[in-house]
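Every chain is named by a letter (A, B, C and D) in the order it is written, and numbering of its residues begins at 1.
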Amino acid sequence: MPNQIKRIGMLTGGGDCPGLNAVIRAITRAALSGGMEVVGIEDGYLGLIQNRMRGLSWTDVSNLLTQGGTILGASNRANPSAYLVPENGTWVAKDVRDEVMRHVQKQRLDALVVIGGDGTMAGAAQMMERGCCIVGVPKTIDNDLWGTDITFGHDTAVHIATEALDRVHTTASSHHRVMVVELMGRYSGWIALNAGCAAGADIILIPEIPFSFDKVAERCLERSKFGSRFTIVAVGEGAKPAGGQQLVERIDPSSPDPIRLGGVGKFVATEIEARTGLESRAIVLGHVQRGGTPTARDRLLATAFGFHAFELLEQRRFGRLVVEREGKISSLDIKDVAGKVRTVPTDDLMVRAVRATGSSFGD
Amino acid sequence: MPNQIKRIGMLTGGGDCPGLNAVIRAITRAALSGGMEVVGIEDGYLGLIQNRMRGLSWTDVSNLLTQGGTILGASNRANPSAYLVPENGTWVAKDVRDEVMRHVQKQRLDALVVIGGDGTMAGAAQMMERGCCIVGVPKTIDNDLWGTDITFGHDTAVHIATEALDRVHTTASSHHRVMVVELMGRYSGWIALNAGCAAGADIILIPEIPFSFDKVAERCLERSKFGSRFTIVAVGEGAKPAGGQQLVERIDPSSPDPIRLGGVGKFVATEIEARTGLESRAIVLGHVQRGGTPTARDRLLATAFGFHAFELLEQRRFGRLVVEREGKISSLDIKDVAGKVRTVPTDDLMVRAVRATGSSFGD
Amino acid sequence: MPNQIKRIGMLTGGGDCPGLNAVIRAITRAALSGGMEVVGIEDGYLGLIQNRMRGLSWTDVSNLLTQGGTILGASNRANPSAYLVPENGTWVAKDVRDEVMRHVQKQRLDALVVIGGDGTMAGAAQMMERGCCIVGVPKTIDNDLWGTDITFGHDTAVHIATEALDRVHTTASSHHRVMVVELMGRYSGWIALNAGCAAGADIILIPEIPFSFDKVAERCLERSKFGSRFTIVAVGEGAKPAGGQQLVERIDPSSPDPIRLGGVGKFVATEIEARTGLESRAIVLGHVQRGGTPTARDRLLATAFGFHAFELLEQRRFGRLVVEREGKISSLDIKDVAGKVRTVPTDDLMVRAVRATGSSFGD
Amino acid sequence: MPNQIKRIGMLTGGGDCPGLNAVIRAITRAALSGGMEVVGIEDGYLGLIQNRMRGLSWTDVSNLLTQGGTILGASNRANPSAYLVPENGTWVAKDVRDEVMRHVQKQRLDALVVIGGDGTMAGAAQMMERGCCIVGVPKTIDNDLWGTDITFGHDTAVHIATEALDRVHTTASSHHRVMVVELMGRYSGWIALNAGCAAGADIILIPEIPFSFDKVAERCLERSKFGSRFTIVAVGEGAKPAGGQQLVERIDPSSPDPIRLGGVGKFVATEIEARTGLESRAIVLGHVQRGGTPTARDRLLATAFGFHAFELLEQRRFGRLVVEREGKISSLDIKDVAGKVRTVPTDDLMVRAVRATGSSFGD
């Protein structure tokens, strides 16, 4: 372990997330101010494996706060302990960690800052087994990383999703429709819960609360009966009906061939229309939620996370992951976090608030 | 024909369009100031058929400029000359224009302002045959109404589409992907052309210029070769490959059953990935493009259109449709416009500008 | 004290704050769902004094989430214990609390929800002395209420301020100028700190850290020397130079008369230009920061605060103020909070992060 | 005059304007595609005088559409025919056009594209007298250049101003205030007219229509009487009272010293409060209106203007200024445009629409 950090490497792994560049900027500027050299590793672990790195200067991290994406590039396909290489006409997973450590040493990197999600942190833990000094910064727009109350990127995703819900609201209301908006969140419903609540969605479907198509349809009809001839449904992509009903079994009855409908959003819209006769439309917001300029709040959170990563480097507290808990920036052991998902507690205050203010989880 | 207009009715037909409320506000305020009474007809022609109308006051049209949708409600399902009524267990189209005229007379409406698209104007022309005095205001986010250079709602749609393209741009660039964004425009490519050009899309596919999958794939590879490891594709929903290739034939090869993929966007993304090996994703922006707060420009255009509709009423110039031509608000004969679509001329300045600045139409 | 709350009154006091309507909506919907009746009191304490109240139904609180302002109206001029009434040609402060209590009883209000800032809570404490059952919800865009880590409205203010800083950034950079943007915050620098950090302001001046004009000018020149021919300065309106220099003494030397310059922003710009010769401009963002549609986050926080106020009512925990502490919604004794301001701790993580990433507080 | 354009120079002059980079991008890409070399001249005429230029490649103009400002830098202080140089302790204006022409020849620039406002075009006309081949692209957020119906940057300015008016609207309405928002436009009222109309301002004051304080105050009181206890006033910075009243004479009566109040916005607010007793506040939006990301429409217009400038170069039509007239991109003689301002015609359709829909010009 180095006595003093003189030179650090930094990489971003996994999918896009607004605020990545703000983290890179904060770490780079703090490290340069603190007398360290900073090396940017290209395309996540891929750049580490392929030895693609470049020095980062003050100029390189100028004007980054408003910029989406990551100037380092990212990839979610490479893992140093199971790197896919072609061999005899097929792909074989190889452990290339020793080779990676040689690149790290050759580049004289005293420590790495690894910014990424669950998979990237699993890779970090494996690199640590080879003696690599690592500080982790969590990244997920889904906000479902165990151990931290909030992650940067989530506020931007909720902001974009809320804007979309606001927009379809007026159409639904004027044109007397059921509008189903599918939002990101495969394993947790934070985006759908938060955006649904912020936009006043009438029904919010999330993975944590299995829903009933009967209840969903009933609520639409009920609203219709009391004069609101429209309903807004926010659906997390991982939402599932209770009782294990398979969404993929649903086919379009008007088609000559058995045709699988799209994701859960399309599915829900089709079921509502079939059960209620109300005109229903589905929108899948998709990747729009994870790109572009971060909100002010995400820039702040990313800056705070980046700065604390620098503090951990300075204090040589390796193997730590920056988190926010109970309103304070702190850190956890990277290994404690691996593979754990933070789902929405069904007695969460926002869940209770949504129910109390008249919206339904379809349960 | 009335000597002086004392009382007018107003309805909005067809799909949602940002600026409808601004038109309603401008007409109502101008008419009330001019000493007329104003009656709002609910849900387009449906309200006219079912005699659902209510008076509109200054207060009713307060705070409307920022509000999407239409306070009158809209429907695109009713047509006075072919109104579907149940008869002996089936639906029969009836001509209810005489009944509608009785409602008009009973409500003492000297004239109607009809705000809507192609279908709504066709209905207006048919009502005029029964002696109904009508002034029309065109409505289409697609901007493809023949006879007018621009319609309100289009700028908002382009604004929303451009923002979405800007957001996916950063993801595409960081994560080295081909991002295909499907935009509205079944018969014309104005939204895809304008948003694609405003956001600097690398490839823009529109109905007016049939594209070649080979050319599209070639461009993606070419960009990749010269260091830009990403491509942004803006596709109008009505875009078609040259040579009449049917998009619906494409099936997902990884599926056990023959499964039709989604719209043209999904199709294009799948083809690009198949032909180039580049990771490709499709986004269908959908109804988000037609709802919510209008841009400042759309509020202005809608106000100008509404005000000129009032001027036409005052001058008893019935049967006219408000348009903007050569930078000026004027009007055309409603009947001249029916059934004609304004497509993108392939030698349009923006088309040439897009080509000259290095983007491709895939042709 | 009532055994069970059957009917509640609600008022909003003080200046405008994005999220007020979301609080009103959450309380009203939760209370109606919980079987209570809800009465809206108009224009803060003024409506209580003048007995101007009206029932609130589900319809009254529809479509409120996107709407800025407060549907109840607000006033920051009335205080039940010192209400100004005209008497013999002058204004006399009268204690009208007994009269107010008669209105409360006549309207059969079992409890009041009072939404407002420091002054409004002082009034609430005084009403409680007369036996009024009150639950408080804090409101300040400045985020400087002691006892709560965050208040709704602040995120929106920071969002708007950040957008303005982003916009002037491009002008400053192209046109080689010093741009000084004065932001709200008379007693605390939270808006300037957060927006300044989010937008990457080069210099951030806040009341908590007295600044030196020499240091500020030095930093501008330093940037200029190293090739950045522009500087962005974010100034909280309460920022002051060290050593107690009075800003108001500064006069425009080019004017024949002694003319006081505007607020601190104008002052700072003038001093920078005088000391450095660099072209400097001041912008005072003003009331734009406190109006309009709240951010998604503020809608969520306001909903959570409103819902918890309802929970406190249900539990008959009167005299409590809803707060967020350590990442959790809870409550404090209203009286404990009165007159205390939460300022930015000078060793706050964001303060340290700003310094570490190369920005200056001018100290 | 060159037979064929092989190499061009490009500069941006005057104040900031959203869309400048889009023009630079369009010209550079079209010229490079057309086989020309492109040289960027730094800081307007200053770079021409000081011979500060650099080649522009495809990479230099990447990602420019969303970026405010100008990558070339700009200055509005230099004029080749009257360049200020220090001489014997004072500043003397020198004609340096011959020197500039030597730089142009040395850099082998066959032609220049000059992007700027009135002053920049006057400079262009003077350079043309020395044989310089120039194509002009107009730039003004005020939209007051004679000869063109619209200029890029204006839509963005109106968009920002409208958003600000929307925000203060909610505060004015909740808190029963008169809110006066001062907008840019020294010689013409286009921004105030368009933003005021788009946001539904109750009173719009523009230079072209001298206003009466009595009429303005009367309208505020009238609104108050009919239940609208607030008024929104949009004021162009060049608006003036009828009868030549000098705004600068007004002093703050509550001050011991004669103190000049701020611009027209502050002045109008003070007068309204003095005459009506209604609480009034002024906001000066300032430079926020001219910076930052352009709207989609401005990116399109700037691209069209830039592309047509390239077409004029190709056709060797020098001395032309790109304009949009009657809905079409075309060009005029640069000399015809000099010194002429396009003001709002008092019988403009929007002026009539504003009056008809119940807003006032204070006349």
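Quick note on the criterion: a contact is a pair of C-beta atoms (placed from the backbone, for glycine too) under 8 Å apart; a residue touches a chain by one contact, two chains touch by 3 or more.
Computed from a predicted model, the values in this text were never measured in an experiment.
J.: Going by residue numbers, if over half of the contact pairs line up, that's a repeat, so tell me which of A-B, C-D or B-D repeats A-C.
T.: Within A-B, C-D or B-D, the interface duplicating A-C belongs to B-D.
J.: Return the distance between the CA-based centres of subunit B and subunit D, expressed in whole Å.
T.: It comes to 32 Å between the two C-alpha centres.
J.: Rounded to a whole Å, what is the gap between the Cα centroids of subunit A and subunit D?
T.: A distance of 42 Å separates the two centres.
J.: Going by the touch rule set out above, which residues of subunit D reach two or more other chains?
T.: Within subunit D, the residues that touch at least two other chains are 166.
J.: Using the contact definition from the top, classify how the chains connect: line, ring, star, complete or other.
T.: ring
J.: Sort out for me which residues of subunit B touch subunit D in the complex.
T.: So the residues of subunit B touching subunit D come out as 25-26, 29-30, 33-34, 58, 63, 65-66, 149, 155, 158-159, 161-162, 166, 194-195, 197-200, 295-297, 299-300, 303-304, 306-308, 310, 324-329, 349-350, 352-353, 356-358.
J.: Over in the complex, which subunit D residues touch subunit C? Could you list them?
T.: Touch list, subunit D to subunit C: 15-16, 20, 43, 67-71, 73-75, 160, 163-164, 166-171, 173-176, 179, 255, 257-260, 262, 281, 283-288, 290-293.
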